[in-house]
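Shared between the two complexes below is chain A, which pairs with chain B and chain C, respectively.
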Partner chain A sequence: MSAVPARPLLEVRDLGKTFETTRRDASGGRETLRALDGVSFAVGRGRTTGIVGESGSGKSTAARALLRLIEPTQGSVTFDGIDLLALAPEPLRRFRRRMQMVFQDTTGTLDPRMSVGALIEEPLSVHRIGSGAERRAKVASMLERVGFDPAVARRRPHEFSGGQRQRIGIARALALAPELLVLDEPVSALDVSVQAQILNLLKDLQAEFAVSYVFIVHDLHVAEFFCDEIVVLYLGEVMEAGPSAALFGAPQHPYTASLVSAVPTVRRGAAPARRIILEGEIAPISGERPKGCIFRPRCPIGRDRALCADVRPPLATTAAGHAAACHYPGELAP
Partner chain B sequence: MTGNVVLDIAGLSAEFATREGTAHVVRDVGFTVRAGEKVAIVGESGSGKSTFALALLGLLDPPGRIAAGAVRLDGRDLVGLGEGALKRVRGRSISLVFQDPMGALDPIKTIGAQLVDTLRRHQPGLSRADARRRAAELLREVEVGDAERRLDDYPHQYSGGMRQRVMIAIAIANDPDIVVADEPTTALDVTTQAQILALFDRLVARRGLALLMITHNLAVVANFCDTLQVMYAGRIVERGAVDAVFERPAHPYTEALIESIPDPARRGARLRTIEGLPPDLRRLPTGCSFEPRCPVGRGRPVCRTVAPPPVPLADRGPGAFAECHFAAERAGEGAA
Partner chain C sequence: MSEAGSIAAGARPRSRSRAVLASLRRNAGFGLALVLTVVLLLLAIAGPSLWHLGPLDMDFGAPLAAPSFAHPMGTDSNGRDVFARFLAGARISLAVGAAVVVTGLIVGGGIGIAAGIGGRVLDTVLMRIVDALAAFPPLILAMAITVGLGVGLTTAAFGIMLSCVPFFARLMRADILRIRALPFIEASVAVGVGRWRIVGRHLLPHTAPTMLVQCASVFGYAILTLAGLGFIGLGAQIPEPEWGAMITDGLQYALTGQWWLALFPGFGVLAAVVAANLLADHAQAVLGVRGRER
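== the complex of A and B ==
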């Protein structure tokens, strides 16, 4: 069983983010959109926590909020004992070398006018690390580490395939030797055989650099295969969290159970006993949060229950390290 | 139950003229699809599956062109038909569902107007009032709630999943014999994907529709289609009943694709990858196009010099084959 070490690298507590919209509410104030509410999880050193959920679940907002790429409106983020939300802009900027991000869309994030070498060197020069010669040596070694001939440093991003560009993005993010890498859907746009290469590479790099990953992912097969711990988000709230094997093997929350049962699988005999097809779609909530369970309108077991309508279920432990925000955990099995 | 042959493709080849020579993007593809059948073409980026879909529907623009072959729809060859005749066929006998419904819908027209247009384009005798009634029925058939009212909404007022339902309603509006669905669920969340696949299932069963799904997603095919066809470097390199192919892939490429999907049962293990890149379609090797990357055939003289003919694998469903010199033994490996 996987157990989180006593002092995790990253601890997110009760993280919340509310956006103001341009619409006015009844009292004339701006209508608000809750993107995250009460999200807590931890990431152990050298381990991977996966954040899963559908579009609109808040997983990308969570990634950006914990790096302070957007400012959370509530909660705390503790990185190696340091309160990130208390850092002033300049200390925060210096701190950023310890936590980096890799994006899904390499076309939008790798400047097409820069050479691959300049792209990988850029974070080093921004943080004033090493001499020019040292930086170029670092670029060469990073390129080699992700499977390129260092001579490709002179080429530009458009000369590379999607999978190769993703390897360049990873080399750029790892050049600063960060302790935490936030990976936002890094393999979603790739063919399955290329996806396999990137996942293998990420596993190797994690072993080599002892880096921790927060892995934002919508593909549950990738999540289950790759991550140690999983956090399931729905409309900005944690529905379930726990060790990957336990969470996918015996999901406690009806939303997780529905997700697991909806995923098509190529494994003979691994198909779920029955397919739970949820009705409706995830729809953002503006203004006041309904008082009961946020998932209740779509929930196959809670829709008509008074408790679910009236009381927001707390994230309660169901087994060691495994918790679900449901009044009836384990009742719906895939 | 499946019925008559609806679509019969024979020897279809498509190519692009480039400065560095002709790219043979679709090479000698042939198969049939019957009423009530769900057939898949699976391939990675650059396999030729999208060009194949365009060629099939007569939508290939220069510098692309159909170099050879026939696309018989209900017995009539579409290759060589003029644009006017093709337009009468498309949306009527064969229709298309794309990955991105927002790009295919007109943002400044209501959903109702777009459905009415589609209906009246092919049924000019239909009055506006009747077409609108028919449009509401179609929305109900694709399970859009409150159909009457939602006819007057614009595409942006629909969610992604609901827009894809509208695309399906447009595709079936004129009662086609076959729907070609190009990555129809790729942009959707897994719960919405499950809803759309279940809807397709009901439409196929109820209408006796034939469905040709073009996708990169093997798992969707494994759970949803009857027949799998794997495309590599412009050719279908393996075809067979879905269960049989997943049970024992006869082509090494098919096997490698299946194995590269993360298997939670093998957590921590390294994933299978496919070394190298697909061949340059302007300079195809004389032998098997997968040979340079093939764990079975790499370096073998027969694989390097002789393009493998399709090896029939009769016990794997109608028209099953694999284009591999070792297909017969691989398909039979471990069999009783």
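== the complex of A and C ==
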């Protein structure tokens, strides 16, 4: 027997989340909304898995469900061999030391009444790490590491720009030296120039802290630049998953193909790619899911095929070497 | 990362105390409220011990004497010094106002916090109790309690306290629910902040502006209601030096020309209520607080 292959840090299996809505259905029960259905992926140590998809595809739900900021209704999340979904509230709270989150909304997620120093110190004090003096030294070093003068610790978040606040958010999340950082669209609200700065900082910090990233993103350029592995979500289901280069180089699922074809390029002289225009828009499904492929109503190749209407395609390895949930993988190329 | 340097070196925005002073200069109403508040507080706290006459001391030689140097506000039918009674009345009014605000904040605020952070069952139970309490108009409730427990200053104060609990409970619950939904609460959970620390460090501090405005507003309401109850004879009884009771006592002499008996305690109530409401209005505007209940 050879050595046991390295176990990934995080394994998400068959994760699902069904919300109850306030509307009543015909039989009098609450209508349900399935935001996430059977999502599986893994994140290796020190690596980055990107979750891409349109607004409403369930990306943020996936991020929050795997951290149990919302409770998943099915599936399992295993972190370093530990079943996260089985943890009681207090053990879960203590476990959060090992997994942190960076948010898109830098204005709202930093308590406006707290100073920057208090915000970065808070994770350390709630997890009882170090003495007061040690914590303040740690705050100063974290501030320096993300490019601030430690004297800014006395200031309030509203005195900073969006990019600066995101660096504060990153310092706060990394102060605990977590093994996993979930980044929920960390640069979507920022100017392009600041985006690059934050992304480079995150790349440097990943090597330095040996931290794994789950990167929620809708910008495919950013995803390709930043992620090792990609998971493509559509209406809460995985459409395609695989290494970033393979997935963007040869998308197998028509949804991925259309996303890739929609990315504008600014390279002069590059041949204009064929654009695949999807009809309709992403619409959440309440109640029963259709028995066939969930993407079929908008699919350029499967809309009229009986197989696509009747059988839900499983996520299976394709000829290209990575997985796609399509009966006709690779048929539609950008 | 050059933007960091400019923040560190940049001018500090004007401090809050300077902003308050600047708005004071623009806002005469707030200035008036501050002056009235300070004067009333001084009169209530230091006045009775500095003035040589007590509120119950009778001078049978000078009943119904007009204001003079010896009796700046005159005397009543039993020769009691109205100024001494006015000072004692200020102390009673402010003390009852403070007691109502403190109990309202603790009891009502506590109910609101429990309803806001507890589960759906606790929320429903607590708020239905509060609804039952709030179903009576506050003055009627206070009157009913006073009559039920026996007419007097203490029972009147107790009735007003009880009638103010729903104001605080509802407002606190609404504010807690609003703040609970803000993104930094989820961010605190993600960091691993415990439940009670979230309440103490992230929820409650954000309710301070709303509660401050509410306290000032209820303070004025309590003083007005206490005087109202005294006036209709359901609160303090003569000879107790309570402003409302003094007004009632003085009214019977208004037609015979002894105007000072009802006028000065009336001014006292007016000044205290106006000061409290101006302070509440100003705090509401400065702190950006939306609603207040009362």
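Annotations
Here is the rule we use: the second predicted complex is superposed on the first by the 320 of 334 C-alpha atoms of A that agree within 3 Å, B and C clash if a C-alpha of one lies under 4 Å from a C-alpha of the other, contacts with A are read in each partner's own complex, and residues count from 1 in each chain.
The rule we apply is simple: a residue touches a chain if its C-beta (ideal position, glycine included) is under 8 Å from a C-beta of that chain, and two chains touch if they have at least 3 such contacts.
On a predicted model such as this, the values are computed, not experimentally measured, just so you know.
In the superposition on chain A, contact is made by A:Arg155 with chain C only, not with chain B. Touch criterion met: A:Leu69 reaches chain C, while chain B stays clear of it. Within the superposed three-chain model, A:Ser258 lies in touch with chain B and out of touch with chain C [touch as defined at top]. In the superposition on chain A, A:Ser55 contacts chain B only, with no contact to chain C. Look at A:Gln197: by the touch rule set out above, it reaches both chain B and chain C. Within the superposed three-chain model, A:Ser131 lies out of touch with both chain B and chain C [touch as defined at top]. Look at A:Arg97: by the touch rule set out above, it reaches chain C but stays clear of chain B. When both complexes are overlaid on chain A, the residue A:Ser27 reaches neither chain B nor chain C. In the overlay built on the shared chain, the residue A:Ser244 is in contact with chain B alone; chain C does not reach it.
Common to the chain B and chain C interfaces on chain A are residues 161, 197.
Within the complex formed with chain A, the residues of chain C that make contact are 1, 3-5, 7-8, 13, 182-184, 186-194, 197, 202, 205-206.
Touching chain A in their complex are the following residues of chain B: 44-45, 159-162, 189-195, 197-198, 216-220, 222-224, 243, 246-247, 256-258, 260-267, 270-274, 277.
Chain A contributes residues 54-55, 161-162, 191-197, 199-200, 203, 218, 220-222, 224-226, 244-245, 248, 258-259, 262-268, 270-271, 275, 277-278, 281-283 to its touches with chain B in the complex.
Every residue of chain A that touches chain C in the complex is listed here, in rising order: 67, 69, 93-97, 100-101, 103, 105, 108-113, 122-123, 126-127, 146-149, 151-152, 155, 159-161, 163-164, 167, 172-173, 197.
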